[in-house]
Structures are given as structure tokens and as C-alpha cells.
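There are two complexes below, and they share chain A, which is joined by chain B in the first and by chain C in the second.
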Partner chain A sequence: MAADGLTYTIVDTANMSTAEIYGKVLCDLAEKHNDIVGLSADLAKSTKIGQFAAKFPDRFFNAGIAEQNMFGIAAGLAKSGLTPFVSTFAVFASLRAAEQVRTDICYPKLNVKIIATHAGTSFGQAGTTHHCTEDLAVMRSFANMVVIAPADGIETANAVIAAYEYKGPVYIRINRGFDPFLYEKSDYGFQIGKAVQLKDGTDITIIACGAAAYNAYHAAGILEKEDGLSVRVLNMHTIKPIDEEAILKAVMETRRIVTFEDHNIYGGLGSAVAEVIVKSGKACAFESVGIPDEYAIIGLPEDLQNYYGFDQNKIVEKVRQIMGKDFEQTEDWEDEV
Partner chain B sequence: MPLSQQELKQLNEKACQIRKDTIDTVYWAGGGHVGGSLSFTEIMVILYYKYLNIDPKNPQWPDRDRVVLSKGHAGVGYAPILADKGYFPKELLKEYNHTGSILGMHLDGNKVPGVDVSTGSLGHGLPIAVGLALGARLQNKSWLTYCIMGDGECDEGSVWEAAMAAAHYKVTNLVTIVDRNRMMIDGPTEEVMRLEPFADKWKAFGWIVKEVDGHDFNQLADAIEYAQKEDKAPVVIIAHTIKGKCVDFMEDKYEWHYGGLDSEKVELAKACIDKHYCEM
Partner chain C sequence: MATQNELFASTIFLKAALPLTKVILEYRPKMAAKYKGLNGVVQFIAKDEAGDIGAYLQFTDGVLDVKYGIHEKPDIVFTFKDVKTMNAFFAGKPAVPSIKGLTKFKLLMKAVNLLLALKIIGRKTPPKKAEDRELMVRLMLYLLPLGISQLNKAGHPEISKFCKKSPDRTFAWSVNGTDIASYLRMKAGNSKAGRGKYTRSKPFVEFKFDSVDGALGILLQTTDMIEASINRILVIEGSPEYGKEIGSFMNTVGQLAS
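Entry: the complex of A and B
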């Protein structure tokens, strides 16, 4: 149970989009904590912070379509002692107002929570202007920033509560629309910076975040059943600080790691995991799957997950491909650099 | 309230001293944004020596007025005031810009006592100041936020985003002063990117505009007291100033936006400042 005593199940959140769950949780938190204020830039409705705005109109500021000013105001509100939750699309939070987030919020380590929606390719039909496959890389490079990509609505609830309880800036990226539920209940011990092991295994470790985590979990089931593989699956909801311990354990115990994320392959989850693997000095087969270094095509999110290789079937294929490589025959696994 | 002769004399003495300290600081720092640090001297002096409700012994005092120096490059003009107020020892000015010093070109809110916000990236100050003021209002706090801006930075779109928001949300517990010295790095503001009709722009955004001679303490006092009390709309004081004020070879020259001073120029600059105040 979260320290705030707020727990959620798929029954409480049935038929709710991930953002709607965020809106509900924020309202629940705000009932208890009057330091919470909300901001949006004409996207209160789309990001569902509008639920908070409807309930607490005096504590909500719509900045109009002016993200730089919105994050500046959020910095000022935080400096005055309040806890702003700021919601807009991920592409605007991480790129349009990146400097305000870095200089005005992260540098003084202000208590601002950015809940960015429509992340990755989850707004696939909207095209490149509204896709956001760079936010993890950008936000990860800002010192003091915590970066979270929850797997589903239940985990979003946990992340929002944990973000409130943490003192300092937090960036949470969630998808547009409905995410299939990976979790049935929120009391599975969510902790910022601690990966959740969804399945134990010894042949290979899949590390995934966001929408890819659900797909990875179900792909692992298929691989176990059809291929007899023992697949470890880590839901790496926190991209920063990354759970080094879980990654190093996977290096030592499975020697094969593959990451899946709805983000450019440069700078996001795959890069963060690779940095830890390389530092370990241990041999480990590694691949990262996400959007290659290009701008994503237009399409339905589920089609794009397939196209970019992180839906269930593509994850199965990728793992089979990695397992088919003769790493163990050509390398001495015990070698250390 | 008009300033008494005694007050006026004290403020002028302080302005003279701060200008000379600024010159010294530029020398110690190996260069600095001296032009704009001499244009806003009266603005900063009247705020720090007459109006601000602050306690230098307790820089984090929750009920203090907040100051956002949005034209953060004017650090060499700001630091001598903070030192004089007792936020840190004056000796530190000699380490300005030195490796490991708390004092850099743009004063850092994480490092320098008395500095509320790390500024220097232009166009950031007013949005933060609006947020501070809204935060105070929401929590029923009576402290005021003062935002001191440069005119050149009003090229930034975020300034006008914040101007719109301040009017929309009727942010009146905020005093905004623009140091209208008409010069920026690359030349006169009207040549680089025209700002005029500047006052009309603010009016069109819903602000009340007070235009004053930014080197005249009486005019500044009237305008600041008006802005403190006004509760129908945000007030901007456009303070018409001269870049490099009081130093003959710098006055009104955009080339002195940033510059270094050797010991000879330091003496020359100080002599100009002394002459200016003697003539007063």
C-alpha cells in the first residue's frame, strides 16, 4: 500500500484510460493535500488534469497555449511552497519548454511533477509533430530529474502517488488512450528506481517500459510454452535513477538482455541499460529495440508497436533470434575485462 | 510619499557607492555586463534600501519579498548590493568569476544568499515571478514579488506569454520594472528588433503602464508605490535609463553591454562617477 493509503484495482479503474486514472488519482491526492496545484496549456481536457481543474478550480491554472510560461509559473508556484502537477503532451513538455524545465525546475530541484501524456507513438495517427520519441533522452540528461514510464494505468496511479511523496522534480510519461492492464492491483510494491520482476528466468532477460512491458510479459509466456525458454522480464518503470542492481543481476544470471521501449533507440531505456552493462565489465549479449533513429510513421498505436518491433509477436521473434545466436560457443562467459 | 531630502541624499550616496563597487567588481571579475549594471542602479538601490521587506541575516525568511532579477546578466551590478546588505562578505566580490566562487556572471539562486532565482536565460524571469505571486496569493501571503527585466529580453515570446497570464489572472501582488536602456548586445533595441510602441504593447496585454525616468528616485518611488497598491491589473514600470549611466565613455554605447576594465579605466570610470555625484 502506498504511504498515502491510496490503492487502486482494475475494478476501480474499469473503462478508464491511463490518463483518466491519473486524473482520478490526482483528485484523490489533492483531497488530502492542499499544497497540490495543477497547470495545463489548453490540454486540461486531453491530459485529464481537467478532472482536478473541475474539482479544485481555485488551484488550477490554465496557461493557454504557452508551455514555456506554464513551466515558469510552475517553478514560481513551487518556490512559493506549493506542489504543482503540470500536464501537457510529452512532446511539448520535453521539447517546447525543455529549457524552462531544466533551468527553472531541475537546477533548483523544485517540487514540480510533470505528467506528460501522448508519449512515444501512442498518438500515432497525429504524426511526427505530436509523436514524442525523445523525451526519455532529454529528461534523463537533466540532473535532479526522476524519469518514470509506467506500464499501465495501475502503475500510473502508483507513479503519481510516489511522485507526490518524493521531494523534487519528476517526469512521468504516459500514453494516450487505454493501456491493457499489466497489474490488477496497485499493491505490488512500486518504488521509484526499483524494477519490478514480472517473471524470473535464466536464459535471457527482457527489460521493458511503458506499453512494451505488458507485451514483454505476454511474449515471455509464449516463449516459455512454445520454446521452453526461461525468460526473465523486468518492468523498468523508472528510467532514472535506473535500477543498476537488477540489470547487473540479469547480466550475471542470464547473460543476454534485450530492451523494448516506445522511444528512439538513442538515449532512452536501451541506452540507460547499456550504460550499466558496459560499466559492469562482464560479457553480455545485448540488443535494444525501439524506434530506430528516424521519425515514426503515421498509424494506429498497436500497428506502430508491431512496426517498430515491440508488440507481443515481434518481441517473441526478437528473443528467438537472439537465442539462435551462438554466443556461448564463441565466448568464454567467465571472462572478465 | 515624496522622498525626503535626507532620503534622497542617502539613496544618491548609496547609488554612487554601488556604481563604484560595480566598476571594481568588473575589474576583479575580468569583465562583466557593466552597461546594464549601471543603468539599473537607481532601480535596485531604491528597492533594496527603501522598499524590500527582507532580512539579510535570514535569507530564506518565508515572509520576505521575492526578487527575480530577470536581466540576470547584470550580476556585477547586483552582487555589490547584496554584499552591502550583508548577505555575504564584501571580500567575496574579489573572487567574482573565479573558479570555485559562488559568484559567477549570472547570480545563482542555488549558491548566492539573497538570490531567489537563478536567472540569466532571458525571458524566464517574468513567468517565474507570476508563479511566485500566484503562489503567495493562493496561500494568503502578503509578501510581494519584484521582477526586474531588461528591455532587450522583451524580444522573448515567453515574456508576452507571462504578460498575458498576469493580466488574465489579475496578478497584482507583483511589481514589474523594465530597465529600458534601449541597448542590447548587437545594437540599439530599435535596430536589432523594434520594441516600440513598447508601452502600448504592455497596455494591449492588459497591464497598467507607468513610464518614469529610471535615474530619478522620486519618479521611481511614486511608480513603485503605485504598483504596490494597484489591485485591478498588473503594473509595469518602464524605467527609461541610460546604459552605462555616469561613466562618460560608456554612456549610451551598446559596445559597453559587456566589457573589461584595466586599472586605468577603473580610475577613469570612478572619476566620472564622482564627478556626476559632485555636480548633483
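Entry: the complex of A and C
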């Protein structure tokens, strides 16, 4: 992490949701950089940019429930030399305001940072209208856009700081609520476009982003201990530009790749990885796991993670299936008495 | 005829609590030594219009096995007039069975001693000796998942409904600094209770007690749950909503067994 003095540890973040960590980091950044301004569309409290609004009321603009206008305003502010951080729910940023993000921000490559919360199925109980399982696909297709899906609060802090330092549009998607901590400290070498190898292995590579990265890391531990499998785990926090080098290395060294994401399987992490593999012309067993071609059902996030196959046990099960191993040796349901 | 609740309680006693007598002998080698070479079958039967129910202790050269059902040729038979009376007997309340096979005095005394030792799980206060406290926690943490699993298999409405909807998940209990651990695996209506750590997957919810005494405080409900959480006497790792559900099933087992 490059910005001086902005380091976050598990102790700092233990009692904060991922969005609250974002709010705190933005405040810390704004103390140092006067060019930072904030915008929201009546969701300052939920997206936690409200922390910034409370601390810097003269630098915050509430556009009301008018996301398209908000992104247009952000484009204008960026054009005048400011660095807008715009926060709303992922579903509104990527779908309702898609045209303004594309034409007003990405086309002229303006320096706008979009921090979209409640992404994927993390707002599971709120219903399908508030899920967002298309944003990676939409944002990835906009030229000039950098797309990041951090794994936890600490990585969100790193991503927000890196987004400020990068000149151009950045889309960061974070979850609603608390994410389990994958990292204990922020100095693990976060770089936009560079995957983090969480575990080395030679049998298979799991590539994951967002909430699935934590699950993948712990699933790999179980697979190693219980099945003797050597599982490489890549936290592919940046979906665009994707780390082609890490993917091709995995193709050559493990020959099997499986991706896990809280997103539709069309157009997200799995698609991005598949494009790299196909382009390389190298043979590799490949599967992608995420929300299939449907709108996600309603439920608690942990249930949806299981239902769509990217909680720890389902990741374990999928890898065992790929490697030809059953979850249990026998389906014996007799209690130990 | 026994009520549904009486049948559920008998499930706990016969299929979850009585098998713990084996654990007592495993962790009480001095006591186990007294059973060396013992042979015989001690049957417990409750009469019921819908069909008698029972379980038996079978000693083969000193090795104990506990089976659910009616043995063809038991040496000693404890017969209860109904399921309610049998439940009261196992709960330590006044209840008198008729006993056949009193002439096999040695076998009778060995069986009674085991039942008396099993009463430790019904204690309202912690035992004085550390080894007794450890055994009590071990038995209780073995009883809870086994009781929940057996109630699922017996068709307990709330537990079966929960289990039916469950994907492949494991719920676990453990006590820091000891080998006391148990688990309950559920998958689409199936359930299985086991002892020790389940290592084939990460528990969906794990109840981690900081110590034997900490666990006893919670299990005997002498420690406030909020205080226990703040002081990390009990750390519940995993989904809080599901932790609460399992907690209520633990209470169900406890209530049925009392």
C-alpha cells in the first residue's frame, strides 16, 4: 500500500462492516487530499459514505434518488479537477445509471471512483431487485474502467486507496454487512491488476474474488489436510485489467482451474479467466461457479452462498468432484452411539 | 398410549442417553475394570398400546454394547407400566419398575451402578472433582448432537423441518484445552451425530467453550449468555441465525431429558 500512514489491521476493522471501513478510509484520505468530494443518491447512510458527509459536509453532494444525474454531476466535478467518490447500491450504479457511467465517465476517461455496495447476493433478504449479479459483466465491458471486487474489509481499504492513486474511472464492488477477514494486515502487496496468491498448489487452482476468496482459502486448507490435495488459491481482486500472467502460470502448473464468484457466470470473473485461457490456446480443465443464468433467489447471504456453490463446503465439494473424490467415503447416516 | 412428547423423551433416554454408559466405562478405567468378564443382557421395556419400546445393555466378556429394541432372551428385565414412567425413571424421578431376574444379582448391581453413574448428566450443580466435571461436560456435549439427530430421525417436527431444508452442513461443539468435541452433520433430511472433530468440512456453526468450567456454566445455565459471550467463555463461530436455531434444539433435548 502506497499512501503514507493509511494502514489498517484486523484490530481496526474487527467491529466495522466492509462499507464502514470504506467510509473510514475515505475520511482518512480526504483529510490529506482536498480534491476528494463525495456523492450519493439518498443512500449515504447505507453505503457509509455518510461518514464522509458528516465530516466534510461542504464536500458532499446528495443527488436525491436520481442516480443518472449523480453520475453526470460526478463527471462534471471530475472534469473540473476534483476526485469524486460516488456511492450507491451496486444494482443502481451498474444498471440504472449504466449509460451515464459509460458515456459521461468512461468514454472521456474521467477520474471518478464508484464504490458500489450491497453487491452480488450480499443483500440477500432484500430480494432479487436489490441483488446485483450483473455489475462485473457490465462494468468490465466499459472501456477504460478498472473493476475491483475486494475480498474483505482490509482489501477494501487497500482498493480505495489504490483507486485514488490511479487516474481514471474505477469501480469497486463491496458487500453489505460484515465480511470475514481474509487478511490480518494491509501490507500484503495489493496492486491493481495483480492477483494475490493465497496458497500455492499444483493439483488445481481456485480463482476467486469477493466473498468467495475467503471461502476458497479455507476450503483449500480442508482439501489439503483431508484429501492430500495441493490447491493453489488466487484472490483475483481485480477483474479488469485481469492478471493474465497469474492465470497462464496456473494453466501451465496446475492444469485445472475453477473460479468462484458472487456474480452471474456470464461476464464476470469466470468469463474473464476463460477468455485468457482460450486466448492462450493451452489445454486446461476449467469450470466456473457463480449464479447461473437466473435471478438469484431470496435468502440469507450464507444460504445463498451455499445454494449457488461458493461457500466453503460447496467449494470443497466442487474441487473433490473435479478431482474425482466424494465428499464422504460412504453415505452412512448411523449416529455414533 | 404414549403422547408424542413422551415418545420423543424416550428417544432421548433410550437412543441418546443410555448409549453414554459406554462413554462412562471408556473414561472411567477403574470402574470398567470391575466389569471385566461380565456377560449378560439387561433390558428396559416400557409398555405401550402401540407396541412396547425398549433398549438393552449387553455385556459380552466385559464389553458393553447398547442397543435399541427388545432382546429375545434378556437376563434381567426392567418393565415400566408406560413410557411416561420409564421417562421419569431415567430422569431420576420416583418411578418403580417391575424387575425380573433378581437372582442375577451381580449383573443387576453392575447395571444399576452404570445407571447411577449416568445420573451425572442430570446434575444441577457442577461436581466437585475436576475429572467428574470433565466427564459431565463430555457426556453432555455427546448427548446434545446425538439427541438432536435422534429427534430428527424420530420425526420431531421443528428439528425434522430444519434438517430437511439443510444442505450438507456440520454443527460442532468443542472445549478448549481438551479433546472434548462433538458434531452433528445434516444433509437434506439426514443427520449424523459423532464424537471428536469433523474434519471433512468446516463446521457451519461451532460452539467453542473456553474451558470445562466455562462449558458447565453455560450448560447448567448458571452463566448469563451475554456475559459469556462478552468474556469469550463461549464463542459461537459461524452464522448467528443458525447458531440460535441449534441453541433452541439443544434446549429441546435438555427439556425432554428432564
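The criterion applied here is as follows: the second predicted complex is superposed on the first by the 320 of 337 C-alpha atoms of A that agree within 3 Å, B and C clash if a C-alpha of one lies under 4 Å from a C-alpha of the other, contacts with A are read in each partner's own complex, and residues count from 1 in each chain.
FYI, a residue touches a chain if its C-beta (ideal position, glycine included) is under 8 Å from a C-beta of that chain, and two chains touch if they have at least 3 such contacts.
Predicted, not measured: the structure shown is a model, and the values here were computed from it.
Colleague: In the superposed arrangement, does A:46 touch chain B (first), chain C (second), both or neither?
Modeller: In the superposed model, A:46 contacts neither chain B nor chain C.
Colleague: Tell me which partner A:61 touches in the superposition: chain B (first), chain C (second), both or neither.
Modeller: First partner only.
Colleague: Check the residue A:99 against both partner chains and state whether it touches chain B (first), chain C (second), both, or neither.
Modeller: The answer is first: A:99 touches chain B but not chain C.
Colleague: By the touch definition at the top of the document, which applies to A:197: first (chain B), second (chain C), both, or neither?
Modeller: So A:197 meets neither chain B nor chain C here.
Colleague: May I ask you to decide whether A:108 touches chain B, chain C, both, or neither, giving the answer as first, second, both or neither?
Modeller: first
Colleague: Just to be sure I read the superposition right, which of the two partners does A:141 touch: chain B = first, chain C = second, or both, or neither?
Modeller: neither
Colleague: Report for A:76: first if it touches chain B alone, second if chain C alone, otherwise both or neither.
Modeller: So A:76 only meets chain B here.
Colleague: Share the list of chain A residues that count as touching for chain B in one structure and for chain C in the other.
Modeller: Overlap of chain B and chain C footprints on chain A: empty.
Colleague: Touching chain C in the complex: which residues of chain A?
Modeller: It is residues 218-219, 222, 225-226, 300, 302, 306-307, 312-314, 316-317, 327-328, 331-337 of chain A that touch chain C.
Colleague: So in the complex, the part of chain C that touches chain A is made up of which residues?
Modeller: Within the complex, chain C contacts chain A at residues 15-16, 19, 22, 66, 146, 149-150, 153, 167-170, 190-195, 199-202, 204, 239, 241-242.
Colleague: Chain B touches which residues of chain A in the complex?
Modeller: Touch residues, chain A against chain B: 37, 58-59, 61, 63-64, 66, 68-82, 99-100, 103-104, 107-108.
Colleague: For a test of understanding, state which residues of chain B touch chain A in their complex under the given definition.
Modeller: So the residues of chain B touching chain A come out as 62, 66, 109-110, 116-118, 121, 123-124, 126-136, 138-139, 141, 145, 157-158, 161-162, 164-165, 168-169.
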